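In what follows, chain A forms one complex with chain B and a second complex with chain C.
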Partner chain A sequence: MAESPDAGEILRAPLTIGYDFQRTTGPVIGAFFTALAERRMLGIRDTGGRVVCPPVEYDPESGEPLTDMVEVGTEGTVRSWSWVSRVREGQPLATPHALALIQLDGADTSMLHVIDAADPSEVSTGARVRVRWAPESVDGFGNLVCFELAEGKG
Partner chain B sequence: MGSGPTFAQDADRSVSAMPEGLWGQPEVNVPDGGGTEQVRRVTVPATMVYDYTPGAAPTRFLRGLQEGRILGERAEGGTDVYVPSRGMDPVLGRATTESVEVGPKATITTFCVVHIGFGENAPPPPFVSALILPDGAAVSLYGTVLGIDHTEVRIGMRVRPVWKDPAERTTSFENITHWEPIDEPDVSAEELKGHM
Partner chain C sequence: MNAERVAVVGIGQTKYASVRGDVSLPGLLREAAYRALEDARLTMDDIDAIVVGKAPDFFEGIMMPETYLAEALGAVGKPLFRVHTAGSVGGSTAIVAASHVESGVHERVLTIGWQQQSVSEAMWALSFPIPFQQQLVAGAGGYFAPFIREYIRRSGAPDDIGILVALKDRLNALKNPYAHLHEPEITYDSIKESFMLWEPIRYSETCPSSDGAIAMVLAGEQAAEASAAASGVRPAWVHGTAMRSEPATASGRDQVSPRAGIDCAADVYSQAGIVDPVAEIDMVEMYVPFSWYEPMWLENLGFAPEGEGWKMTEQGRTALDGDLPVNCSGGVLSTNPIGASGMIRFGEAAMQVRGQAGDHQIDGVETALGHAYGGAAQFFAMWVVGSEKP
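Right, the complex of A and B next:
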C-alpha cells in the first residue's frame, strides 16, 4: 500500500482567538460602574433590607427587581481568603496575591476580589482592607485595581 | 415597574431589540455622586491562546502555500482531490497518498456580501467572502474576492489567487491575500454540482 507524502517536520504555532465584546450594563450595573469611576462603592438594598454589594439586579430570595442603591464604604473586612502563589495570565495582579471575600463597611454580603500583599502571613480572616483605585479612570470594573491591607481588626 | 426603560435616552445604541428596550428593568435610585456620565456599556475582551498544530496533511498544504502552490491530496483508487487535505478521503475512508497541485485558477461556488467587517485584516465593507473551487479540486477553499464591485460577483465566476511577495510568504493561508476575477467564461451551475 502506498504511503502518505512526507510532511517534513509537523508545523506548530501559537493561535490567539479573541474578541472585544461590547456589553450593555443595564441600570444597576451601570450605576455601580459609574460610581467606581467616581471612586465610590455602591450596593443595593434587597427586599429584606440587607445591602448587597456588588449590587444585584433582582432580589436573591423573591426575584423582585431591586432599585434602592446605597453607598457603602471603601474599606472592609476579610471574611475568607486563599493565597494565589502561581499567577496565571489575565489576573488583576501580576504578583502572588490573596483572593478574598471582602465585606465592605455598610454591606451585608461579601465581594470576591484580590488583596495585594507580599506574603500570605500578612493576610488573615478579619483583617481590614481598603480599596486601591486606578490612577486614572478606566472602563467598568477596572477602576477597582485591588484591595490593600489597612490597620485594625474587623 | 418604575418610570420606564433607561434605553430610550441611549442615543449611542444602534441595535434595539424590543420596543420596551432590552430589559424591563426599572430605573434605580442612586445616591448623589460626582455627576459623572452614566456608564451604559463596557468593553469586555475575551481571548483564548492556543498552541496549534495542524497535523501532517495540513502541514503539507501549508508548506505548499509557502512555495506559492495550492496542494491537494488524493487517496489510492480515488478520483476526488481534497484541499486542504485532512490526510484521508472522507468518502472512501482511506488515507490520501498522492499530492496533487490544484488551481491556481478557480471558480466561485458560492459567496456572501459582508457588511460588517471582523478582525484587523478585514477589507473595508462591503466586500465578498466566497467559497472558491480551485481547478482540479473536489472541494472549495474560503477566500475574499476583491477587484470587482460586490454587486457584480456571481456563482460560477472565474478567479485567480493574489499572493504575497515570495519574500513575505510563510506557512500560512494568509499567503493568498485575496482572489480576483479573470477574463474567462463563467462555469455553469451544472458543472459545479457536488462541489459546493
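Right, the complex of A and C next:
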C-alpha cells in the first residue's frame, strides 16, 4: 500500500471564477432604486400600517402585494450596533466603523448599514445619523455610501 | 405502501420569455402560484406547506432564494422546503410535494418550479474547468452531443430525425400560449440550415433560455374532490412517482440509455399498473432539451425497442395526431426555464388528463406520463397521472 503523500507535497491549483448577474427589480424595488439615484429614501406601508424600509414587495405577514410607497427621512436613529475595530479587505469602509441597525425617520423598521465614526465612544443606541451620499450619482445602493453621526438623540 | 391518494387540482404558469423584465423574482413566482390557486379555487390560507425547486443557485446568483421568498409565497407560519436535483429538479420537487400529501402529513401542498435564465449565462455556469467539476466544458449541449452521435451510430437512424423532432415541437408550441418560442415561419429547411452548434445538434434543435415559473396545488382525496366540485375540472390523480440517480462517470455506464432511466420507468409503470406503456399511456411530456433526445428517451422509457425510437418519430407517431403524442406543449425545445422545465412536463401531463390544455389538448387523455432528467443524464424523475382514482 502506497504511503499517503505529505500534505506539503499535494499541489493546490487556483480556480478563479468571474461571473456577472443582472436583476429584474419589479415595481417596488425598482422604485426604491430610482429614488436612491435621486438621493431620496422610500419605504412602503404594509397592511398593518407600518412603514417598512427598505421596502418589500409583499406584506411580511399576510403575503399581500404592497403598493403604498412612502418617502422617509434621510436621517434616522441607531437601534443597535457593532464596532469593527480591525478593518480587513473588502469591508465597506477602509477605516474602523460601525455596522448598525438604523431606523430612518418615518420608518417603523430598521435597515442594516454602516456608520463612519472616529471612535466607538461616539456611537450609541439612540444616536442620530444621516445619510452620506456618493459625490456623483451612481446606480442603486452605491449611491448610499454610509451614514454619519448627526446632532441630537433619537 | 398505504399512501393517501393525491391529485393535482390546480396548475398555473407564467408566460415564458427570454426576459421577464416586468417582474421581480418574487413577482414571477406569485404569477404562477396565484394562477394555480385560482385554478384550484383555493386561497393561500388553504395551503399547508410549500415545496419549491430551481436549478443551482449559481445560475441566478442568489444563495438560497427560498429564504427571501417566504413572504411572497405566503409561507409565513408554514413549512417551506427547497429541492435540488439539477435539471430534473422540477420533477423531483413535484414528487416531494406529492409525498407530503401521500404521507398524510399535509392536505394541500403548493409546489413551484422556476428559473430566470436571463440574469446570467447558464452555459458558462456549467463550464468550470476539469477537474473542479463535472466535465461539462462547453455547457450542456457540448456534453450531450457525443452521446447523441453514439445513438445515431448504434441505431442507424437517418440524419434528419432531430430536425423532425424540432419541427414538431416548435409547431406544437404555436398552440400553447405560454410557450416561449412562437416561430410560425419555421420549416424543415430553416431548421436544417440553422448553424451547427454542437454537431450533430443544430441551433434550431436546441432549447432556448427562458424566464418563467410553474406552480401546482396537490391535494389529498377529500380536498381534491372539494376543489373539483368548485372548479368543475376533474383532478389528475397521481398513479405513481419515481426517482432514480446514478453516478456521472462510472466506467461501463451507458449514457445513451442510462440504467437509472430504465429503472425509474419500470418503477413508475409498476406503481401505475402499466404493462404495455405504448398502449396504455395516452400522451407523454418528456424532457427533450436537444432534439435527438426524443428517440433516445422513447427507447429508454420502453415505448420502443432499442434502436427503434427514431422510427416512431419518423412515422409521425409522436405528433399531436399520432398514437403516442410527445410534448404537445412544445416541450423543452420551445420553453426552458431550467428549474421549472421538469415541473412543466409534470404539469402539462396533468393538464392533458384534466382536459385543460386548450389548443394542444389531445382528446380523451386518461393516462399521461411526465418525465424529467438532469445532471449528466444521471437524475430521473417521473410520474404517471390519470383521470381515475388509483
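Here, the second predicted complex is superposed on the first by the 137 of 154 C-alpha atoms of A that agree within 3 Å, B and C clash if a C-alpha of one lies under 4 Å from a C-alpha of the other, contacts with A are read in each partner's own complex, and residues count from 1 in each chain.
Going forward, a contact is a pair of C-beta atoms (placed from the backbone, for glycine too) under 8 Å apart; a residue touches a chain by one contact, two chains touch by 3 or more.
What you see is a predicted model; the values in this text were computed from it and never measured.
K.L.:
Under the stated touch criterion, which partner chain does A:Ser121 make contact with: chain B (first), chain C (second), both, or neither?
P.N.:
A:Ser121 contacts neither chain B nor chain C.
K.L.:
Touching A:Leu15 in the superposition: chain B (first), chain C (second), both, neither?
P.N.:
both
K.L.:
Determine, under the contact definition given at the top, whether A:Glu57 touches first (chain B), second (chain C), both, or neither.
P.N.:
A:Glu57 sits against chain B and chain C alike.
K.L.:
Identify which of chain B and chain C touches the larger number of residues of chain A.
P.N.:
So, of the two partners, B touches more residues of chain A.
K.L.:
Figure out whether A:Arg40 sits in contact with chain B (first) or chain C (second), or with both, or with neither.
P.N.:
A:Arg40 contacts chain B only, not chain C.
K.L.:
So in the superposed three-chain picture, is A:Arg23 touching just chain B, just chain C, both, or none of them (first/second/both/neither)?
P.N.:
Both partners, chain B and chain C.
K.L.:
Touching chain B and also chain C: which chain A residues?
P.N.:
Common interface on chain A, chain B vs chain C: 13, 15, 17, 19-28, 30, 57, 65.
K.L.:
Show me the residue ranges of chain A that touch chain C in the complex, using the header's touch definition.
P.N.:
13, 15, 17, 19-30, 56-63, 65
K.L.:
In the complex of these two chains, what residues of chain B are touching chain A?
P.N.:
2, 6, 13, 22-23, 25-31, 33-34, 36-60, 62-63, 73, 76, 87, 95-99, 171
K.L.:
List the residues on chain A that touch chain B in their complex, please.
P.N.:
Chain A residues touching chain B: 1-5, 7-28, 30-31, 33-35, 37-38, 40, 42, 44, 57, 65-71, 89-90, 139-141.
K.L.:
Show me the residue ranges of chain C that touch chain A in the complex, using the header's touch definition.
P.N.:
Contact set of chain C toward chain A: 19-28, 30, 44, 58, 60-61, 71-76, 116, 118-120, 124-125, 128-129, 132.
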